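Below is one structure; the comments refer to it alone.
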Amino acid sequence: MSSKPIPMAVIGAGYWGPNLVRNAVSCPELDLRYLVDLDLGRAEKISAPYAGVTAVQDALTVFEDPQIEAVAIATPAATHLPLALAALEAGKHVLVEKPLAATWDEGRQLVDAAHAAGRVLMCDHTFCYTPAVQEIRRLVHEGVLGDIQFVDSVRINLGLVQRDVDVLWDLAPHDLSILDYILPEGCSPTAVAAHGADPIGAGHACVAYLTLQLPGGAIAHAHVNWLSPTKVRTTMIGGSKRTLLWDDLNPLQRISIYDRGVDLTDAAAVDAEDRRQVSISYRSGDMVAPALKEREALGIVMSEFADCIRTGRAPLTDGRAGLRVLDILEAASRSLEYAGAVVPLRGRR
Amino acid sequence: MSSKPIPMAVIGAGYWGPNLVRNAVSCPELDLRYLVDLDLGRAEKISAPYAGVTAVQDALTVFEDPQIEAVAIATPAATHLPLALAALEAGKHVLVEKPLAATWDEGRQLVDAAHAAGRVLMCDHTFCYTPAVQEIRRLVHEGVLGDIQFVDSVRINLGLVQRDVDVLWDLAPHDLSILDYILPEGCSPTAVAAHGADPIGAGHACVAYLTLQLPGGAIAHAHVNWLSPTKVRTTMIGGSKRTLLWDDLNPLQRISIYDRGVDLTDAAAVDAEDRRQVSISYRSGDMVAPALKEREALGIVMSEFADCIRTGRAPLTDGRAGLRVLDILEAASRSLEYAGAVVPLRGRR
Amino acid sequence: MSSKPIPMAVIGAGYWGPNLVRNAVSCPELDLRYLVDLDLGRAEKISAPYAGVTAVQDALTVFEDPQIEAVAIATPAATHLPLALAALEAGKHVLVEKPLAATWDEGRQLVDAAHAAGRVLMCDHTFCYTPAVQEIRRLVHEGVLGDIQFVDSVRINLGLVQRDVDVLWDLAPHDLSILDYILPEGCSPTAVAAHGADPIGAGHACVAYLTLQLPGGAIAHAHVNWLSPTKVRTTMIGGSKRTLLWDDLNPLQRISIYDRGVDLTDAAAVDAEDRRQVSISYRSGDMVAPALKEREALGIVMSEFADCIRTGRAPLTDGRAGLRVLDILEAASRSLEYAGAVVPLRGRR
Amino acid sequence: MSSKPIPMAVIGAGYWGPNLVRNAVSCPELDLRYLVDLDLGRAEKISAPYAGVTAVQDALTVFEDPQIEAVAIATPAATHLPLALAALEAGKHVLVEKPLAATWDEGRQLVDAAHAAGRVLMCDHTFCYTPAVQEIRRLVHEGVLGDIQFVDSVRINLGLVQRDVDVLWDLAPHDLSILDYILPEGCSPTAVAAHGADPIGAGHACVAYLTLQLPGGAIAHAHVNWLSPTKVRTTMIGGSKRTLLWDDLNPLQRISIYDRGVDLTDAAAVDAEDRRQVSISYRSGDMVAPALKEREALGIVMSEFADCIRTGRAPLTDGRAGLRVLDILEAASRSLEYAGAVVPLRGRR
């Protein structure tokens, strides 16, 4: 491609920002010009080793620079709305850290604003761009797993106890964005229930369990936990044909596809009083661990962002995807308040 | 001990019965005389290699033999009440397979009948007699873990889909009996919520999640699943001082005790408008895996049963423990019916 | 099969004998009548639970009982020759614990005696009868792995330090008998070197490394160790087409077959001074873990023994296989004495 | 420290060079000014994102720049001697990639030249600077493990088959430098034997086994392999008091210290004919996994290099350490040529 790299800025030099900076610098389609942070010293320290990146304190500098075409926002969720809105209004394309915004309503405003401005709004659902999740999506969409019967996610480790958000809003966006990404369209969750606990007195849930109803009697569940001394990141996806286990902490065998499961065959009812007779059989076939490339997901996020700006197509994880995740998070929070009550979802629109 | 071994019978030669037979034969304090099964051929085949064990078809033979002092019952749960009741009325001591009975009311009748007859009623909560669970109980009761903050159990594998019971009643009794055994008295669960799915059309839940409220804001959770292609049996017990991970499928390191966690220190509120200030700190100390003996739990069950008969003391897992497990199972079933509603427990009595 | 079970005896009630007893009792083709041990009390204790098994102190009782057709010998290696010879001379079929005998010469005598007597001589190379090793042999013999390039075995754990044999003679027979079983005929080892250490002062090697030269530039290596606090039992078999990893302590995935490796293509030498040009390419394909049945190997050993007696065919692990293992063990011992010198093998005859 | 960062250059932009560049840039005590590579385009590409780093083609530019005080050399081993020698003669401090040089004699020249020039000569034995190896050294030197009885290293994976060096020279320097670093002084290896194979026809060994004799009957062994489809990096260090297992691919539990082992007690010989009576006992105590910091080793290498330049002290892995590794590598190569013959070492000087 002979086109010039896209001039861009990163806003936020906190936990995630430096990763965005590093990957923007490495991405040949992008040309990082600014790193913005209220803490100018921090922005300067992070940007210092890189040639051509200026640290600034005020995002306005970026919005007002007509050369800048795109911004990536990695600030606290509460600030996503004003920053992203200002960026869109200034005609910039926007990549936003997860979650898309602090509430579904705010997220909605961003989606509408991007639509009105004709600009790309992409949500940085990083895990969706890992080779593992790409492969899982392919396997699900091509029917290799059959109908999805259950999804079980565990994402636990000794995490940083956040002051502004609970463990649901901190960790579950990963699982929910992955779920949104891999499930076929007709398979989106319809309702959610959440149970949580704050046994250390942090002021909000540090351990939480989320149950999602899926169409057709299927179920999805996520366990997120800041208090676990060991790190676990697994997702099991049970299908009618195959069951897949993704263990993100096992680089030598991240994905295992098992040809093991339970099959039920309908047999004719013997007489009217009989309940449906089912004949159960078990498959215990081989397991296959497909070869995966090792690529840094955030690098692919950057390429996707650049490519969508170039071509005008919607990102794989666009604002709408971010909105669907917010829908579940909000419902889950309400469920937590009401002791685990089942809360229906808005769903896809 | 010079006393003679206790003459006993095993009723039920199905899945679990042969294990009871093998361990009763190996236990020097017991003298296995009968194996009872409606399928006499099966009883004969199982008992054939053993000297001195007679296969019979009718449990009445056992109840009417005045030499028999004890019976172990390993039949379907629906038959526990009549069989155990008849045994107690015939003056036999009784060891019953889990769950104690098909309902809490039936279990209550057994507890009362054993009390009235002055006979031992023991529930075969086998896992409680593993060296691992014995060690966990010790660590919890001696305060090594501190206050219990969360308990997370996973018991999943490609299990036999049962026709008469769902996955909750099939697998959760293990986790619930272990929980009952290790938690200190004041720490018993107060309410339960359950979510399940039957994605294969088996007629009842094949995947289920159980959330238990514990006093003081703590939480316990169990994932039971018949559809998982891999086998997982882990329990994590988070405490204010230490967190313990029990991985029953790792014989080289079943128990790991982590000195890692989150500590909160209350700091004085600066002014009236401030929310409570908490100062968070993280421990990341060593991990210790205590040496455990390798002993077959069922052998210890047999010794415990014999010892309680000899001494008249209550078994570590007596009828009351079995009743508490039934309490939770019944409440969980009701919760499943009502889409995850929180159902309070009867609790200890 | 309507034929009567074969009356047999087990000689030796030490470490392995009880396993032979249990499996002989469970095998419908065999009829265990005697358990022999110089320590009669021990023989009585082991045989007590089983109907129809008599404990005796003198093997002569067995040899002189004309009804007994077969014996299984599980005594120290030094006694294999006199016991097995007497048994063969008395017309019994013989199953001998590994190693076949204390020396190659003694083993040779047994093979000759069995041949002369027209009786079955089988070596209890138990691991060869595991579903895993059966599958490995099949994969090697059917060419799925391609040409064997390297074999690497590790068999280490906190083992019982033996007084009469070193770690080589205690543990390596397992690896060597497996190697003998899986390698195609033309692929037998041609020479061996061994290095060992006795860092605790036990009087002989407690840690040893064995290197075997295989035809065609291939290599096999075994690490045996009594001093390791953890247990490892792995064998990797590198082939020109696939590489297989057998992890015997991972029941959920004992065998993994990797389509990963290095391929070399010869390219024409450009000119006379050039060294041979090789073009290297790497395969990084999928991994497949084949489904394996879970069966106790010793039960299959018993069936094989019975079947060979019935049909007169040679056992899969016959005396000659035992002899080939002794050949390597003796050469390895000589190598140990001479500080790792390479010692050629007698090889197949 | 208020002193100015040390102006330096990196020579070599191949496989390892970019890591040196990244860590030099991040190290506040160093000021990276040049990246040198014969392939100027490559040097330019690697240095482009970093401010203040100039790509040059000729190392002479660096040697002649009087401001440059230090160079890090990451070129093929055959070029270490001329480059490092020129650097030292130009008065620069030198950090050299492993192995120190292509031969022991060349390494010796470098050590002598550095001594004569009064400059720092450091060998980049990166693994020695990992928190894990630092902890192991501490545990060994403080006597926690007791006397070292055996060391067993495995370093295998599908590695790049090198054209200029065999697997021994490619991978074993890691294990040998670690061994050199952790063993107490009196415990250095005295002789080596090596066995290897080239089953793919690469022109030199692709699989190799190295056995080292240690004083007092102890043994060390390393398995290095380019053909393994899975990656293993473990080192077990058996001591008279504790045994340690280092699994570098398990970030959650890199080091496990087992209080398990075999103890021998000498007992008085009962009479003259008796062999020495030894009484064997087994310890099976707890396992402890110490908490380790996660730090990038190469960052610590850079700090160590800078600190040695500042203070004039010898690096933890100085030229002499690199020389001791070369001593073993050369002896191992000779052993390979002579089919595994034991070759004595020059040892410490």
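Letters A, B, C and D mark the chains as written, and numbering starts fresh at 1 in each.
Everything that follows uses one rule, which is that contacts are C-beta pairs under 8 Å (C-beta built on N, C-alpha and C of every residue); 3 or more make two chains touch, one makes a residue touch a chain.
Since this is a predicted model, take the numbers as computed values, not measurements.
A.B. asks: Starting at chain A, find the fewest moves between touching chains needed to arrive at chain D.
C.D. replies: Shortest path length, in steps: 1.
A.B. asks: Tell me which of B-C and B-D has more C-beta pairs in contact.
C.D. replies: Between B-D and B-C, contacts are more numerous in B-D.
A.B. asks: Report the inter-chain centroid distance for chain B and chain D in whole angstrom, where each centroid is the mean of the CA atoms.
C.D. replies: Here chain B and chain D have centroids separated by 52 Å.
A.B. asks: Using Cα averages as centroids, what's the distance between chain B and chain C in whole Å?
C.D. replies: For chain B versus chain C, the centre distance works out to 41 Å.
A.B. asks: Give the residues of chain C that touch two or more other chains, as numbers and ranges in rising order.
C.D. replies: Correct list: 230, 256, 260, 284, 287.
A.B. asks: Can you name the residues of chain B that touch chain A in the complex?
C.D. replies: These residues of chain B touch chain A: 147, 149-150, 152, 158, 161, 193, 195-203, 206-207, 209, 211, 216-219, 221, 223, 225-230, 236, 238, 240, 243, 245, 256, 258, 260-264, 275-276, 278, 280, 282, 284, 287, 339-342.
A.B. asks: Can you list the residues on chain C that touch chain A in the complex?
C.D. replies: So the residues of chain C touching chain A come out as 253, 256, 259-260, 284-291.
A.B. asks: Can you tell me which positions in chain C touch chain B when the two form their complex?
C.D. replies: 25-26, 48-51, 230-231, 249, 252
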